[in-house]
Amino acid sequence: MSAAPPILETHQLTGGYGKVQVLRGISIAVGEGERVGLFGPNGHGKTTLLKTISGLMRPWGGSIRFRGQAIERSSPGVIVGLGLIHVPQGNTLFPELTVQETLELGAFTPRVRANKAQNLERAFALFPRLAERRRQLCKTLSGGERQMVSISVGLMCEPRLLILDEPTLGLAPKVKDELCEAIGVISGGGVSLLLVEQDIEFLLALTDRLFMVDHGEVTREVRSETGLDHAQIMDLYFGVEARQ
Amino acid sequence: MSGWESVLTSGIVLGSLYALMASGLTLVWSTLGIFNFMHGVLMTVGAYLAWQFAVDRGFGLGLGLGIVLAVVCLVALGCLVEILLIRPFYGRKDLVQVTVMTTLAGLTFLENSTLLIWGPRLKQLPPVVEGQFRLLGLTMSNQEALIVLLSPLILLALWVFLRFTRVGNAIRAVGQNRESAQLMGLNVQALFMTTFALATVLAGLAGVLLGSIRFITPTLGSDPLTKALIVSIFGGLGSVGGSIGAAYVVGMLEATSVFAFGLYWTPSILFVVMIVVLIFRPNGLFGRQS
Amino acid sequence: MRLRWAVGAVLLLLLVPLAVDNSYVRHLFILAFIYAVLASNWDFSQGYGGIFNFGHLSFFGLGAYSSGILIKQLEWNPWLALLVSGAVPVLAALLVGLPVVRLKGIYVVLVTFAFGQLCLQLILSQAGLTGGSQGLVSIEGLWLGDYALSADGKLGYYYVGLGLLALSTLYLRWLVRSDFGLSVQALRDQEEYAAARGISLPHTRLLTLMASSLFTGIAGGFYAIYLGVVSPDVFSFAITSTVLGMLLLGGLATIYGPILAAFIITFGSEVLVSLGPVRFLIIAGLTILVLRLLPGGLYSVLELFQSRPGRSVPTRQGRPE
């Protein structure tokens, strides 16, 4: 385990939609400044886990602690205020808002309101392309640009932990590289990272430790630096499919 | 020629009022995702409140203070309605249908309450300005002219609020993508309440304006609600801007139809036009695919 | 199970006139029969079909005006007019259905609402035929040979009303269980899946509306003939919200629920009538309470009492989730 005390810790977390249980007792931990990845087949609870952590969904049981504070009953607004920022999957953003309006809304939480201008400059420095398109409506942006806006919105909230749900979904390799570099810069600045991603190269490049989520449970924990390579991960995937 | 002059005049006056009504209706629809059947009766309540505060038979505080106090009450009423009739149902899959029913029940409740409180006697707000004037061959009472001027000003203020303020942008964002808004720390519940209160004030102001050129009765708002509904369909319910444009179109259409086919046929013609529009444009005349 | 209860209720209602000879109480029963037909047929399109037809009451109004005009202006036999009054709303349903079946959600509400207003406006503007805002008065009543149905404390009307309700309920039961009824419900629950299995959405929706209008129209015709009067009030918002209240209180997609609620609300609001407008405040307040606390309506409570282990209790809106 990581030496630093965990910034995020879930214990025996259960949850789901209506009567359908998706999470079957998930316990994971992300250390301070650590970069953790989640992988596993689609539809096995990764997105549900993230939504439960960020307060969009109420857990059925178990606990979630963020910086030592229990947050399993908190509203998304409170959780954002604490610095846990979740950038959702396939983000459609606000089609009729401009890039700048969207980013400024990212600083809605009182904690970061005063630093709005400064954070905006930082986001534009990270993604210069957004600075050019600041007056454009979000619906006119390309998929990669939208993902950049989504991540920048997260930065506007000054995250302590940034959760990204499949940021490269449907993006071209060149854009992926660009995003990979930007996310590296963000985590290099001391922000902890929880990343869900299907692109294994992308995941391995950005994380220190991986959890495999399968059927709503953590079935394996691996450390990237122990020399886990692409082929081994693929084996894990195929192992999963073989068991189904 | 004089016929067409009056068509133009009454078209513009009607359009101004409808625009005020429809903007509130669409604002609630595009943000909360519900259709508010109480919008008309909230307009009526606004007129009665202003009357109560302003005239000598009421509290006699004068029109200016009366309108201010009415707006304060409308804000409170809007919040109350949102908390009691809409908030409990947000999570439900049949939200649209359930809130049609709750707002209908609210309509019945408020309409009969106004009847109980103010009685069936006709009331009228004093006009802000007397007399009439002529411009480019059009004759208009000054009060009507005030409506024609004031209504776009109120709408302009609404536009500035939605476009350039932090809360206004947040309201637009919540309507476009509720989940993302939540994940940015926006307080969705508070924004919904603010939106509903804002729409209530818009309805009430329309009532105050209408109450100075028509008699105030408990059913004052039912005809404007129907018209606002037609306007919303023309405008496609989605955008406040679209429905404001549509309001003037409907106002002119109505005035033209009154002139050409008479008062009796006009409502039928409007409804037929609306149904025909929806056959060919299921998302409204200016609407987009939702 | 339900059928046994229903037959028992009908037998009981058959005996009521023996015990009750007060013609005012019988009048309330007759009104309850009419409301019950209205509400349960609305339940077919709303509860089973999932189509929010806000113009359901216009089918009722059209039925009432058809028989009024046929009897009063064209001097038809009232019995014949009563039958025909079911046909006019079916045609109207076809007309309003054509735009509605392509629409979704709130637009269905708006167009059907507008259709009701259109009917009202047309009736108001055709004063020569419809009596305008005054309506039609002294419409001839029903006779069996020399026996007026209004005689003996409205005894005849009581039984015709009861017969109408029984017929309509049998019709609805048959409809719901037929292949057509099943495809209506399939479309409500799984629109895309049902469409993929070859159920035509516009076609089925159109037929749903038409099917729900038949007995609604006849009830309207009966209403006009029984009261001898028809006025534009039949299109009023007040009746629409009352009947909607019955639908919700009773429970959607249950048929029997709205019928039960029709009796409760008809007699209940009669108890409250001395309160004047306060009555409407109470009814509106109750409607909201029911929606919040009892999303499945009264019927869901009744089901709880008779549910055995392993039997599914309808969830919210009476449909399994």
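Just so it is clear, A, B and C label the chains in written order, and each chain counts residues from 1 on its own.
Convention: a contact is a pair of C-beta atoms (placed from the backbone, for glycine too) under 8 Å apart; a residue touches a chain by one contact, two chains touch by 3 or more.
Keep in mind that this is a model prediction, so the values were computed, not measured.
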{"item": "Partner chains that chain A and chain B have in common", "value": "none"}
{"item": "Chain separated most widely from chain C, comparing mean CA positions", "value": "A"}
{"item": "For chain A paired with chain B, centre-to-centre distance based on mean C-alpha positions, whole Å", "value": "42"}
{"item": "Centre distance in Å when chain A and chain C are each reduced to the mean of their C-alpha atoms", "value": "53"}
{"item": "For chain B paired with chain C, centre-to-centre distance based on mean C-alpha positions, whole Å", "value": "32"}
{"item": "Chain B, residues touching no fewer than two other chains", "value": "none"}
{"item": "Multi-chain contact residues (two or more partners), chain A", "value": "none"}
{"item": "Interface residues, chain A side, partner chain B - complex", "value": "54-56, 76-77, 80-81, 85-88, 91-97, 101-102, 104-106, 108-109, 153, 157"}
{"item": "Residues on chain B engaged by chain C in the complex (per definition of touch)", "value": "29, 35, 84-85, 88-89, 92, 94, 96-98, 100-102, 104-109, 111-113, 115-116, 222, 226, 229-230, 232-233, 237, 264-265, 267-268, 271-272, 274-275, 278-279, 282-283"}
{"item": "Sites on chain C touched by chain B in the complex", "value": "52, 54, 98-99, 102-107, 109-111, 113-115, 117-118, 121-122, 124-125, 237-238, 241, 244-245, 248, 277-278, 280-281, 283-285, 287-288, 291-292, 316-317"}
{"item": "Interfacial residue positions of chain B with respect to chain A in the complex", "value": "166, 169-170, 172-173, 176-177, 179-187"}
